[in-house]
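Notes for the one structure printed next.
Letters A, B, C, D, E and F mark the chains as written, and numbering starts fresh at 1 in each.
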């Protein structure tokens, strides 16, 4: 109990931020038309590749000789980067069908 | 410069919160129909009476004998309370015109 | 006042229907009618009795009434038997022929010509020209559809497709507009031509196409009526219309220029180019016709094209035509019949134009 | 094959138009026509020549052709001059009278009755009943509007308001539906009555009101046709319709029961209740009429009501009627004329019903 | 006090959702209630959470709340519908005043000799600035709206005055910060300067622009509350205030847009004309309607009468008109058509059009019936008609159409006229209806306008 | 590092606006670009901001980025349109894997003997759980979609298995926390359990529900990223991850709604049928269209052909249909009508209706013309027609309508059929068109459906 209590007091601002981020995340896409579900999912998926930041931090912090760490970090960056680049690129392709016609 | 620098580092989470609150505030009302402008303004005005919280804190903290403070606090509470109660009540009246008809 | 009506001599309409009779007798007037005057328009004598009218022989009606209301002016012998200074309310068309007007003057009678009421907004409820022309336009289309050996509407059927009929309307006045509306209702493709500047918008406001001929003269002072056009314009119009006429299944012409013979717009060569079976209805035939070959009150078949000259189509819808005419009269009487006294204020804008003979004196100029 | 047409004896239509002639001659058939056969429908002899037909005298056409196509069956003397086993394609209406069919058999000819083609989706393009009834329905409304002394559409004018005409349609088959559509186009308020269950939705699909009489018999096995109704139903229908008829300006009746006399639906008492000037058009008059007072091919005026009995209104739109009829024939010939050989496969669903006499033997039952 | 903060968070959520709901007509009432509960929750939390000092002074608090609450409630209930905007302005000013008071008190609480270059003190000064400008500005706006202040007070070169005032305020603020300790007299001078600034800020702005200004001042009050929140490190104040600040700003921009003005024009331009163009010298004012307003007005009315005229025909808008009728009926509105006998350019012109669009006959009323029903009609929609609704036919014996019976649309609650311009109709005469008190014009091609209206109705 | 944090804030703003724009067709492409730039910004910041340790290992980073970036780019460019969903699923799995990796590394970084009951460690375990479930689950979904895994693998009692797995995972996690220091073998067991849990979670769910599951897993990945962000106290990871988590959840719910399923049914119910009802034993599947999809498909197509039938007449939808035509034309779509000779119930039935609605004659195509143009048509809208578009007239010699010429709508890109039910038409026979690959049904009264469609088009 006390643990939780303390945790909350320490991170109260973070909790605010998280709550607001959740609200914003929900609010911002609440009116998406059905046909955009897949592209939106794909775009959101690319954004979730933001975990790459973690992998970068991990590597930057790692010992230059700690090869296990470096390899794992390299792997992490590669995986996340596939997610990011592939995700945005695939979304872009999906969205080609919404190109405005000349009127 | 240094002052600002420090201020920002200290309050970075608060800045996040404020930014998000601004985004939310804008996002949430971005599609209001013209005819609701006045009631919405009125409702928002009532919410701005949240400053009453400050007046309450002020009084609660005040010395029980510091009559100047108490009177000023009393004044603050009264004014803010007019804003709050009057604001919500007037908004409610304005919104009466949107009562759904029986279909 | 003694107000009377007699049987029209060559018309199925009646100038006053029982509704108006009821109003007039209620106001204290005496109303006389010749028996059978409303029969052709489906108003029985009984209805007139019920409305408070008195049945009289034709002679008696004529000789005793102060006001005689009719669709067309009475014949010479009828006028002869009338009281001096009696008032005739009818359509004298003085701009077309002064003969009748002079006859009235000779018999020392007064005459109000309903067709002379100005075409202004306030007088619209008395405007017999409008109400009759409207019927004529409607009926012209029905008649054309009746004569045409083809369908009007487009039909896509298992036995092949029928294209919509093409209808060309010349003159988009009251009759022309009503014809446009009716033809469009029946599914035809409608085009119209007119010289007045306002006509274009009016035609389009009914969903039809306007055939634009440049250089039309438009005279604001003509009180809404068209004016005669230059020779150059006529040539241009002819060339353009020849093309449209060749494509048309039905042509309805209504073009009139007040006080002049109707403009000749459809020439023999144009008709030569038309498809056999096509139909032309010339509503301007009584003033000479818009079509070279049309004969007034006759149906001519030329080269497979049926050409009907009839300016009196309103008479073929006698019941409603009478009702509308009578209502126009009723509205008009509001101007000159206060309770049961006649008040012909010749300064009144409407009466100024409408009273064409006053106690034997021709006022029309 | 020698295929021929002669002038119809009492009809403005022609059974084969030049378009079809062109197709038949191109396929190697010889086509003979009596001069003037298409004149009344606006198809000149020249058009037939241009399409590859040969002009022959009536006698010659009759005596030399293998197939004779006509709107109505040829007269006795015409049949007499024909080749043995020649094929007549026409409308024999055997369900109504077997007389003609027997004559054909006596002359040892074959006969195909186009009106016996089953009313199935696949045969719709050959269905002369539909294409002709459709014209009749359209024309009936135009005719009614022509006779009515009143306007069809509603008009709010400065000279008073005209209420929309009320049109009552009895029998919402092909003709009835087309009549509904046309009357609605002209702005009338339309009500319709029928006994088939599907009719309600069909009537409403044209924006008209359906008068529902409960207890109608509907026989799915009748191939879409109506069946005779019980006495109780007839009484109910009568009561309801009497009310609607009294309010109507126009009644158009199209009710038929195949193989039976047309049902009597509009009685004298009903007509007595109608407003003078109203119009009844009885499209079922040839089979006895739906109206008690209607006379086939005659116009009767009863008590101010005009009653027109005419089952052949399609003939009054001869050009398009001929065109559609001919197209029906063309589609039908696809079934039995392969290139230039006749192939009457009596197992074919369509031919099974349509061939009523085969080489002198009556197949119709 | 995590529990407090979490409760505050709930209150903030309620504020946000309340605001969101306030921006849609169907949910607005509930949204208002929600925001009110959020406020109640925040107040209750603040009243009772444990604090270092124990002398809670609840008596004073309750007294203040009762006083303020009852005044506010009674004022809100009593105010006339038409006077609501000024009431809102007044309320808003009081909110600002409270922020101002807090700033004053907190400044006077600063211990002598404290360092002035401090975040807390800057915050206090900001609270003072924003709160007092909002206060005095709102009071001026209130006065202008209720007529106790003349609208036409014209300050010479208002932009320059405002610039000077702003500079003075800032300079004074910086001066205070540069002192060695809290300088009370300088502070009071600053206070006065701020109050004056509020006055000079609002005074030059015209009456027609007042709603925009109130909205702007409202967002100031929100910001002031947030700044006051910073003084106490109170999250609900901060976030609640910022919410109002942000949404108030957006709302202000939206309002400007709706009036076809830019915020810049309103505030800096500060011209004293109104946003509404006045017609002729006879003081005739044409009010232009906005689509959103019309849509909601139509949607929420009980009975609508459509008066079609020649313009309907010209625009070929019959189908669109029928569409509107159906949309409204789907909303439960009773829609009728009033057909004038001479509407259009041929007898029965309107009948032809409306029949084509399949408008059922019983919906068409003739002149007399229509005139009888007009008094009980909420909204009249005049679509391209002009002469047939010209009241001078009734009122002005000199008019060329005097005596012609017309559709007496002015009897209805609101008249909306759809036409392209102020051009006269067939008879060529001016139509006083267009300047009527209850008339609003929607300029543009009728078909176009109707289309937009339908769209708006379906979205609203 | 306030400047870093502010830059991160900008990146977050870009993410938010990007997401917002992604949810509207007109702005989606730009939104995607915006989100991508946000990501680039975040990466650049992270790469270069000063850190305590100086061995930046940039070589490794660049190598990783180049490898991953090129693989991702090539995969995205090469993938077929139809295989995109599975590609997204794969990508998503890799993102999850990265979180998982981070968790593993950070756990192994914990110094022996540290207290385990610590926020940081709990966070690591959570990151492991969510990341690995998302990873293995996505891989399964990918396999199912690309067909390498059979869809019909049925686990016995999947709910119970999942419950057991969840309990096992939680127990293991708690056990780890109760140790005196980081227990690596227990951690690896936990990792395996989590991976297996991902498998058992997705396996029982049917192929038709895969899009929903991918969306759900996507929101997991977002949450995993956010948790990983907590480990490093990195705000852009936290907020970016949470944004995806929140919007992904909402999106999942919306997708379920669009398919008329509940999320509960999809996940817990886990039945292996598909969300799409299969018709008869002949494996005929009727695809129901959603309004939103149709609206956008229509709006963004170049050429639309409307095929009216008896149903249009029954619904009296001619005016509404014309309205749709106008709405589409306003969007620049070329709209035509294909009129079949026997459509309706009387000769010329469609002509009467469309003339009433004022559809111009040149827009009406006859059978032959229409059939020629259908191949170049993007979308065919069949409104209440049935027999006249029944391909068995062409293909099935046994059909009673064999030989009748029909409108060959299957040639077009997409066929949308508006009718109330699967009932046959006049001829009483089944219509294979309705089961066609490119056919979608929109059930309901035609007028109603058209109304909704117009509304959707005007809003989309």
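We adopt the following convention: contacts are C-beta pairs under 8 Å (C-beta built on N, C-alpha and C of every residue); 3 or more make two chains touch, one makes a residue touch a chain.
Keep in mind it's a predicted model, so treat the numbers as computed, not measured.
With contact taken as defined at the outset, subunit B and subunit C are each touched by E, F. Common neighbours of subunit B and subunit F under the contact rule above are A, E. Distance from the centre of subunit F peaks at C, each centre being the average of the chain's Cα atoms. In this structure subunit E contacts its sequence twin subunit F using mostly the same residue numbers, the overlap exceeding half. We define each chain's centre as the mean of its Cα atoms; on that basis subunit A and subunit D are separated by 75 Å. With each centre defined as the average position of its C-alpha atoms, the distance from subunit A to subunit E rounds to 41 Å. The centroid of the Cα atoms in subunit A and the matching centroid in subunit C are 81 Å apart.
Between the Cα centres of subunit D and subunit E there is a gap of 69 Å.
Those residues of subunit D in touch with two or more other chains are numbered 124-125, 130-131, 134, 153, 155, 157-160, 162, 185, 187, 207.
Chain contacts: subunit A has residues 14, 16-17, 21, 23-24, 27-28 touching two or more partner chains. In subunit E, the residues that touch at least two other chains are 16, 20, 235, 239, 316, 341-342, 347-348, 352, 355-356, 358. Listed by chain label, the pairs that touch are A-B, A-E, A-F, B-E, B-F, C-D, C-E, C-F, D-E, D-F, E-F. Contact residues on subunit A toward subunit E in their complex (touch as defined above): 5, 8-9, 12, 15-16, 19, 23, 27. On the subunit E side of its complex with subunit A, the touching residues are 1-2, 5-6, 9, 12-13, 16, 20, 235, 239. Those residues of subunit E that touch subunit B in the complex are listed here as 15-16, 18-20, 22-26, 28-29, 31-33, 35-36, 38-39, 42-43, 46-47, 51, 53, 55-57, 60-61, 63-65, 67-73, 75-77, 79, 81, 84-85, 87-88, 91-92, 94-95, 97-99, 101-102, 104-106, 117, 119, 211, 214-215, 218-219, 221-222, 224-226, 228-229, 231-232, 234-251, 254-255, 258, 290-293, 295-297, 300, 302, 332, 456, 460.
Residues of subunit F that touch subunit D in their complex: 310, 313-314, 316, 341-342, 344-349, 352, 355-356, 387, 400-404, 426-427. The part of subunit A that touches subunit F in the complex is made up of residues 3, 7, 14, 17-18, 21-26, 28-64, 69-70, 72-103.
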